[in-house]
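Two complexes, one shared chain (chain A), two partners (chain B, chain C).
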Partner chain A sequence: MNPEIKCWNCSNTFKKFSFFCSECNIIQKPLDLDSFKLFNLNYGFSINLKKLEYEYYALQKMLHPDKFINSTEKELLYAQIHSSNLNNAYNTLVNPVSRSNELLKCKGEKNKESETFNDLEVLNEVLDLQEVAENINCQKEKDNLINELNQTIEEDVEKLNNYFIEEQLLNAKKLTVKISYLEKLQKDIKNNVTFTN
Partner chain B sequence: MAYSKELIDHYEKPRNVGSLDKDSEKVGTGLVGAPACGDVMKLQIKVDDKGIIEDAKFKTFGCGSAIASSSLITEWVKGKNINEANQIKNTEIAKHLALPPVKIHCSVLAEDAIKAAVNDYKKKNRINE
Partner chain C sequence: MSLLQIEEPIRGEQTTESEKKFCIGIDFGTTNCVCSVKIDGNVTMITDEFGEVIIPSVVLFKDSDVFVGNQIKKKIKNGLENRIFSIKRDFVENPDAKKIYGNHKQKLSPIEVSSLIFKYLKNCCESFLGKEISKCVVTVPAYFDERSRFAIKQSASLVGFEVLRLVNEPTSAAYAYGLERKTRGNYFVYDLGGGTFDVSILKLTDGVFKVLSTGGDPFLGGDDLDKLFACKIAEDFLNLRFEDLSKNNKVILVRKAKLLKEKLQKETVLNEFLEIDKKQINLEITEKVLNMAISEILDKTISISTAVLEESDLKENEIDGFILVGGSTRLKILISKIQERFQLKIFSDIDPDLVVSKGAALHADGLVNGTENLLLDVTPLSLGIETAGGLMEKIIHRNTTIPIVKEQEFTTYEEGQTAIKIHILQGEREMVKYNRTLGEFVLDGIEPKPPGIPRINVRFMVDANGLLSVSATDKSSAIQKELEVKTTFNLEIDQMRIMIEESIKNSSLDMQERLLEESKVDAIRFINELQSMDSDLKEICSAEELNKINSYIKLLSKEIQKDNREGILDFLKKLDLATQSFSEKRVKQKIKSALIGKNYDKL
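Let's look at the complex of A and B:
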């Protein structure tokens, strides 16, 4: 059950968080919400990114601190916090890896990033790809590998979506780590980091 | 923030880079990763009949601290008994290389890698703890 939220200005109460009071229209106190709740989304991996982007811009337009320049200090501060929270939440939701990690956290299966990962199947696959990347010596090979990684990531994100639909959270966790490795590798290849060997 | 001389030395001239035959009965392989920084560390040991590590090789994709940690640990385990090698603590690696706090997990990874390699060797040769 959501506890009731009370407007700090007019004491109107509401059940669900809202950026503005429905009675007095005053900006509300920021709450510590996860990225899904902040955007009023259900806990699911599949989200409509176009709609999210639209929503993000619409909210930022209403909550931009510049709009509160003539308001009280308190309202300006609230706007600054909301605005920063929205940026963070939007960035979290846009990327599949961070979205998945956020969702796993909300579902109580947080990926502990500081812990050593030891799934041999995933690590061997990543190691093989890293070795391929290491031996790249022309642009064509580089392009091919980037394309291959793109395709693998795309397929894995699709698979990840299914894991969430079927609530296979442990598999989702593992696959998220794998995708994060692939994204990192792809970035390294693009930045030519792997050529330095 | 400056890195220590030891760390830079191991990073620039990593010791024991390479692979051993992972299918050999005498070879134990440890493969571990740190998702947070995208590191993958493969560490292999070749063990003689008396349980002494006669050779060690590593291959690490990751940051300088991860490379230096794995390079150092391969040097340390050579000539050691597998059980001794299993006792190496990440804090010793971190201290030797003067790893900054944000890089401590790289030494943890090296400790976990050697443990995994010893474990793999023991499993292959049916040696119980």
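Let's look at the complex of A and C:
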């Protein structure tokens, strides 16, 4: 069970983390929470992004350091860390790859960076796309490829969601790696492709 | 006995209360400063002793007096060549570097010169409001780096201002539009000031102003347009290169160019006289000449804008409008260029010269008196540290929402290393040498261990002002060193303006350099490892094997010196093969000795 949390100001105790003390209303010490817990979400891949954005803004409106200009240094520091945690967590949850990695971590599936990627099928698919990207020679082809990648990513994210629903974590992990490759490729095409002729 | 009575304390005594509620918004510009304050729900523009809102950012030393802003124009007749202009530009180069300004006998730093302007602004505000003030919000170019931000804050603090927040100029302008015009949606803010150029894309929803991406050039502004036009006039009408004019004539010509540029917005042909060296020169100038002279810079701002749009992940049709900020955006040619590139509705109904200050005053009021609104800004450039091989590892990427804290673990590179240098960098390139150094410090006292074992936690924290502090901790020994990045770096770095551009242009070159560096790092690490196991090598390997290994080490070292990646990889592979049987034998021995050790322990 969770140990009780004690308010640093009035010593009121509560069981579940809250940003402000229910008694004295003072800002609480930040805890090391994962992105889902911070936003009080269940561990699931499917997220209502509109609702998340709304929640993120609502929390930032209370916790941003701008709201603590007249407060003590301690409160200001807590606000800064809370606000930073919210920024980090929001960004993690908005992007499907980082959200998936965070969820895998929460579910105990370690995602070591050093782990080598050995899914040949995926590797070939990515390499093929890379070759296509290298031979682009007009804006239209570039746009087409970006759109094509967008579609593939969308389909894969849908598949990823199903893996999580069926608790196929290993497959989810593999697919996440693939999507991250595709995202990177897409970004490279956007930024770096110049036409040869 | 009756109890003694105590009165209820007076809450919010009138003078102190109203004192607390004034917080000035200062747009400290390269060419002009504008101050404003929110009083009774409205933003009031603060005027100087001459009733002017726009206060030129100009300083003049005369005899033992200092004149600032409109004082110079109104009070001084001669010695004008000693005016100090555009001090804000010097912040980008080095805010601490002392040099001779104008005719002042002592060397001064940009921080000191601009503190004279801040002092004057403070006086203006106090005499306008009839009371002492100290709290303020100061705007800075979004693309200003760490050092420049810190220095601006320091400069204002020097004269008794308490800077509650630094706000990015385009963000401030968007805030003014959002609050005064109830603007909602995704907006492009194009801010061409006197000395800097910024673009930001913001999402304005109910009460939240979130910056999505930002970009710009800290060395590009209206001043450059005037100078380019002055060059053109010098060539066409004086048959001289601008550089060959005397200092005084340069000032005269640039002022004239500025005036003509403004007049040409109303008329297409001008007939004017220019008096230079007591000679009258007839200038017949058309709008077309002006447009030709300044086109290149305007095109550059358009291409930066395009890049920022791409980075925001928004499509053009998802943008609801284009907000124009800064006096230079009144140019007709600029507006038509923008309309040519972007099919967006243009907003400029809040005076482009005043809008930044207005936004700052609104934000200032929100900070001290509370508000339902919220500004979420980003850091304009990536922040990171140097890793082995002269590479920059980015810890906080550009366009990350602030405040932000990020941590990353690093380790040692060589056997028995006891100290590491944390070299803090800002910029977008892969190689350290192309980025800007913000500072460095050494974490020592690390327990000597094999490379890769120690765990050094590096923590970057950017506050809501965009100011960075860095700390490093050795996790095993809990030795901690902290450093706040301040303006004590005396580095000459003028590549900032081209950093982003180059990072795009040179990314393939960078990649090759990076690959080369990585191969060198691998090779050196391998050689070091082998050398640290010298005694084992001699013990385990045959003379033939040893010979082979040593000759490969020599050949590999040569390839490293030649910067030949192919060669490095080739010999690295050969060396790896040559040492394979050694490693196997060594591992077996180690296991054996470990077992022996265990047996002894049990005895």
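Here is the rule we use: the second predicted complex is superposed on the first by the 192 of 197 C-alpha atoms of A that agree within 3 Å, B and C clash if a C-alpha of one lies under 4 Å from a C-alpha of the other, contacts with A are read in each partner's own complex, and residues count from 1 in each chain.
Here is the rule we use: a residue touches a chain if its C-beta (ideal position, glycine included) is under 8 Å from a C-beta of that chain, and two chains touch if they have at least 3 such contacts.
Note that the structure is a prediction, hence the values are computed from the model and not measured.
**Q** Are chain B and chain C a fit on chain A, or do they clash, once the structures share the same frame?
**A** Clash - chain B and chain C, as placed by superposing on chain A, overlap.
**Q** Applying the touch criterion given at the start, work out whether A:Q80 contacts chain B, chain C, both or neither, answering first, second, both or neither.
**A** So A:Q80 only meets chain C here.
**Q** Quick one: is A:C138 in contact with chain B, with chain C, with both, or with neither? Answer first, second, both or neither.
**A** So A:C138 meets neither chain B nor chain C here.
**Q** Please indicate which partner A:Q130 is in contact with in the superposed arrangement: first for chain B, second for chain C, both, or neither.
**A** first
**Q** Let me test your reading of the model: by the given contact rule, A:Y181 touches which partner, first (chain B), second (chain C), both or neither?
**A** first
**Q** Pick from 260-268, 386-394, 458-466 or 530-538: which stretch of chain C gets in the way of chain B?
**A** Residues of chain C that clash with chain B lie in 386-394.
**Q** Please name which positions on chain A make contact with chain B in the complex.
**A** Counting only chain A, the residues touching chain B are 111, 113-114, 116-118, 120, 122-124, 126-127, 130, 177, 180-181, 184-185, 188.
**Q** For chain B, which residues are in contact with chain A within the complex?
**A** So the residues of chain B touching chain A come out as 31-36, 38, 40, 42, 59, 61, 105, 108-109, 112, 116.
**Q** Which part of chain A faces chain C closely enough to touch in the complex?
**A** 57, 60-61, 64-67, 69-70, 80-81, 83-85, 87-88, 90-91, 190-192
**Q** Inside the complex, what are the residues of chain C that reach chain A?
**A** Touching chain A: residues 164-165, 205, 207-208, 310, 366-368, 370, 372, 374-376, 400-406, 461, 463-464, 504, 507-508 of chain C.
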